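This structure is in structure tokens; I'll ask about it shortly.
First chain written, first letter: the chains are A, B, C, D, E and F, and each begins at residue 1.
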């Protein structure tokens, strides 16, 4: 069913979906979309559709996981059965368990965990549709869910992958590029702190290509950061308006 | 292996096993059959053979499920691997989990849960042989197990299904009728309180047929109630005799 | 892939690997091989390669398993996926769960469990390569791991099987003999106390053959006991030397 | 479910209902606002999102090939699964399906199955050997009460939106061809849930009302206005009269809803 | 198992046994009353219920077709499973089999398997491809001690009662025909369990005695009086002399029991 | 991972590293002593044990036949699994793989897979139908830090040591023949892990240093010195400069190690 496209980059240097090598897919973010979560965000990044929610700081269950000097962050990255081509069993796969861990470790550097000792924050991520780069889009959304929940943070975390397609280092691989391409480098950063909080790599890159990919990914993250801030602003304007109406 | 019978109702209006439309299958109940349970009952309803036991009121494990103002009722409906045509895995199926829930909710209205706060009562039901209508026969037996355990109750709960076979609304479907018939309506009632505590339906019924089926099922429940009371009486007579002998 | 050998005992009365009927396979034991365990031992018994470790006495998790008047012994016998011909799933099999129980019950009579109430000792056994008789070799190693951890013991426990191959009662069956032979009798003893702490049997034996097999197995255990004591001595000499060097 | 509302609030709900009113201004027989979006998950063969007030349910349908059940060799397979994903409510936990999600899935399944909504015989590729398997995955995204009606509606809306791959059989092997066919549907059941508070019946209870009711009854109504599935839930009871009354209201509500949706 | 009896009771049991007596009046070598009913689960291919005093075990046998194990292509498959269902004892919990139920199933399995009770070669339909699978499901209904002997007895009684479906092979497919054949049996092993209290051996310990004994030994004895399986259990030990004594008693008890049952 | 070391010890580690030194006398860029033994599990098709200081990892390779994945019909299958068996550390628990063992397995898997270490096309027996499945089981026997490098090294060493059974196809069935062939390998990736303490990078952190670092980065380097897999771990971060520095060091260390091992 999945036939390999002949050319990932055409003669004009454009990609399968018409993007230039350093161009992001369209991104749409909305903050505060779920009424039961303490914080939430919805992201459409290309054809990825992802919901993230944060609950907490709150009492933890089971209690013995509590830490006396800090908040405990937990994270579950989960894909809906209908989010991918072949139906995925709802039971967590090994891939989902690994991604839950690296996403948590990408977000935790941004959180002032020492502010709320003996509490826990749960981050739940649901991938409703997947199209390559779900871990990065999940981090982008989850950081906003944490902010929306009022968790004290050093900075937002923005995430984006770069990679290699044919001989070209490109930004923000979509599904086909990810599968057929020769390398994928997902990166998450705290933009104001010049800090990389997620870095993984698949494929083969020379040192120079790797350097270029990291640079490109960081540039992408910074653009996404701008979208994140807009979404937060929109959320606060809405909340403010609601409050004014209520007064 | 299972061939569909040609006629579920013959020319004389009789069913496959010779019953009239509004006739129950033979029912035999014995109370107090298990020495380790606080209360127990064994029912043979047609070819159904079912054991029910109640343990409690007792301390609950895990403790965090305890409620400060009431007793907690738990229920497990479980089928023996050899109770059905094709061997059933002993792991609880989704059907068994749903039935455990509806059976518990059929029994709970009859229990004065507020009498024993911070305790739990466990109801265990084992279907040793299944022949259609196990959920109803389970409720009938479990209500007696609760009574036998001395749990304070508003009333017993008696249960029986009605349904539609061919064009006829009939009482107490056996396995073949349940599978080939066009509707099944299991009902449980507290007879003295005119209260329906279980109601489900599969199949297609007009409003009028549904009304007739509910009426018929309630009539059936009332007949079963009489059998329940007989069984309880037999149990208490036996206990009394034992006590007199001991004196 | 596994063809049955024609003769398990040759004309000279020797076995497939050249052993006499009452001869043990070569045994090599080393105590104190793991730096993180409180006690440990490694055994090569024929081609069996097994690691055993003991942790404790220590606080138990979950706490509700603690006993007020004694130490709780737990044991996990586990086979590495690559330890047998066909890769074994790492999830514990029913066989492994049974063996964990009988091994624990073979070791517990040797432990003064009343010395450390409210604590637990965990014994972990990993079969790295299996060649028949793993439960016995595991007990032999685990007893040393307990001793190495400083758990107070009445005696060591030494274990060895006897069995019947063709018409001959033989000592210490290896894999092929175990599979093709007609009976297997694993035995564990506390040699100084004349006490059998493990006894199982598979196959068919007359009363007289059984008597002979038990005698032979006990003789084998006593020889293994000598090897155990040597291994313990070597361990203590090494520890002593280390301590002298440190002074 | 744990008690999430205070006794004061509960009393308030009960008092209002006594007067035929509800906290959110609805009448006893009114549904909350319903919004349906179809086809929002492009990668799924069918999908629909239903908003029932603030309750939000997404259903995705996937179609794969598989074996029929031995006792129905001439029918495709329907599998309904529900996930109460933890972002939808603080009372949901990650993990294997619990009794609530299993009941939800099975009640929605029965409404579809018993009304013969899908023409299962048209899903057969090779009788007894190969059929289409229809996976209906219910994803609860926000729980504000009455998950059954929202999920049942989203499931049928998603099935209405579902396309089956075209195929041909070549040398005994199924080859997926270009293009799609509409999933063959025969009925569009609508499920109506009523709660009982102080002897009064209310339609479409929302979260706080669910805490207050002692029992609920859900009825799936087919296109002809007949009943095709029922589930009573909760630790209370209904009188026989209340049950018939509930069936009458459900039929009426389903007809109204069907007209509005043009199903 | 947690200590369910008091120290006083324990002392009482020990004192009596010292004098060769038991709480329930039995001699050290006596079984409780044994009742066997066969064929009580009509839907199973075989079944039996054993009452050993108040201990009650039901065994159902189901027969299905399946693949043989690769290393025994010419033999049918035997699968023994035990459920300690929670209504049988407050010490049993619902859930996947624990070490006690697994040990029980495996000890019963070994008695049947090692005595070659079932003629496994007669269960082959097509060598290496299709065989009958015999499921022996042990259901403990009331636990009053010595589950091993009761379960082993019920399992063999159920197998004696088991009928296999007739079949024929048509175009490479197995067709189940009318009628049944008796499951081909070659042996009827009987398992005898002894407990050790204060150095004395007792036969068939009941629940309170099980709390008092420090170890038990179970021996399966075949029709010729030979030993075909042994399992020592518990956290105590036996001297070699006690083991031989136990084997002698087991052989004697099995012979007596066999005569009584006319097996 | 819970804090197993005291604050005093932690301060000590940090102070030393500030001066370019480490508790065990190593320089910041030094590995602990490495020992590799191959072929120690004779029953496995391949095996290797690596000692990295006191960290001990055993890898066994088993080869079986199975089906290829539908999207790679012309390739054999690689399955990497890691068990943090509880005898290796008081912080490991028996039970199904947790996130740490899954991450370990997947990082080792990626190093092998992305460098195309195994010539997967040579593992095909019948395209789309039957291939060899290579099971790489990582067994951590003693945990003294830097499990990733030790496991990755042991996995590649075990694969270098792996023999595939010879076979021929007879009447459409695979027959295993006498003799073995070397597993076809194309690359020998080496993984280098660095930790960050107080802004300084250290190579091969041992257990106590792992408690002190806030993040680690592991890079798999192939035979040509290119990067073929990366995993950042831990709750801290790296600057982009530190990442490039880590990549430079990893390349250098891998080259040196490769020379020493003669890979």
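Brief remarks on what is shown
As a convention for this text, a contact is a pair of C-beta atoms (placed from the backbone, for glycine too) under 8 Å apart; a residue touches a chain by one contact, two chains touch by 3 or more.
Note that the structure is a prediction, hence the values are computed from the model and not measured.
Any chain touching chain B that also touches chain F would appear here, but none does. Here the chain-to-chain distance from chain A to chain D, counted in touching steps, is 1. Superposition angle, chain B onto chain C, using Cα atoms only: 120 degrees, a multiple of 5 between 0 and 180. Per-chain Cα centroids separate chain D from chain F by 48 Å.
One finds 27 Å separating the Cα centroids of chain C and chain E.
Chain C and chain F, compared by their mean Cα positions, are separated by 32 Å. In chain D, no position touches at least two other chains. Counting partner chains per residue, chain A has no residue touching two or more of them. Order of chains round the closed ring, starting at chain B and going on to chain E, comes out as B, E, C, F, A, D.
Per the touch definition, chain F reaches chain C in the complex via residues 40-44, 47, 54, 56, 58, 60-62, 64, 81, 83, 85-90, 94, 96-97, 135, 137, 139, 141-144, 176.
The touching residues of chain C, when paired with chain E in their complex, are 2, 94-95, 97-98, 100-102, 105, 108-109, 185, 190, 193-207, 210-211, 214-215, 218.
Here chain F touches chain A in the complex through residues 71, 97, 99, 102-103, 105-106, 110, 114-115, 215, 217, 219, 222, 225-240, 243-244, 247-248, 251, going by the rule given at the top. Residues of chain C touching chain F in their complex: 1, 34-37, 40, 47, 49, 51-53, 55, 76, 78, 80-87, 90-91, 122, 124-126, 128-131.
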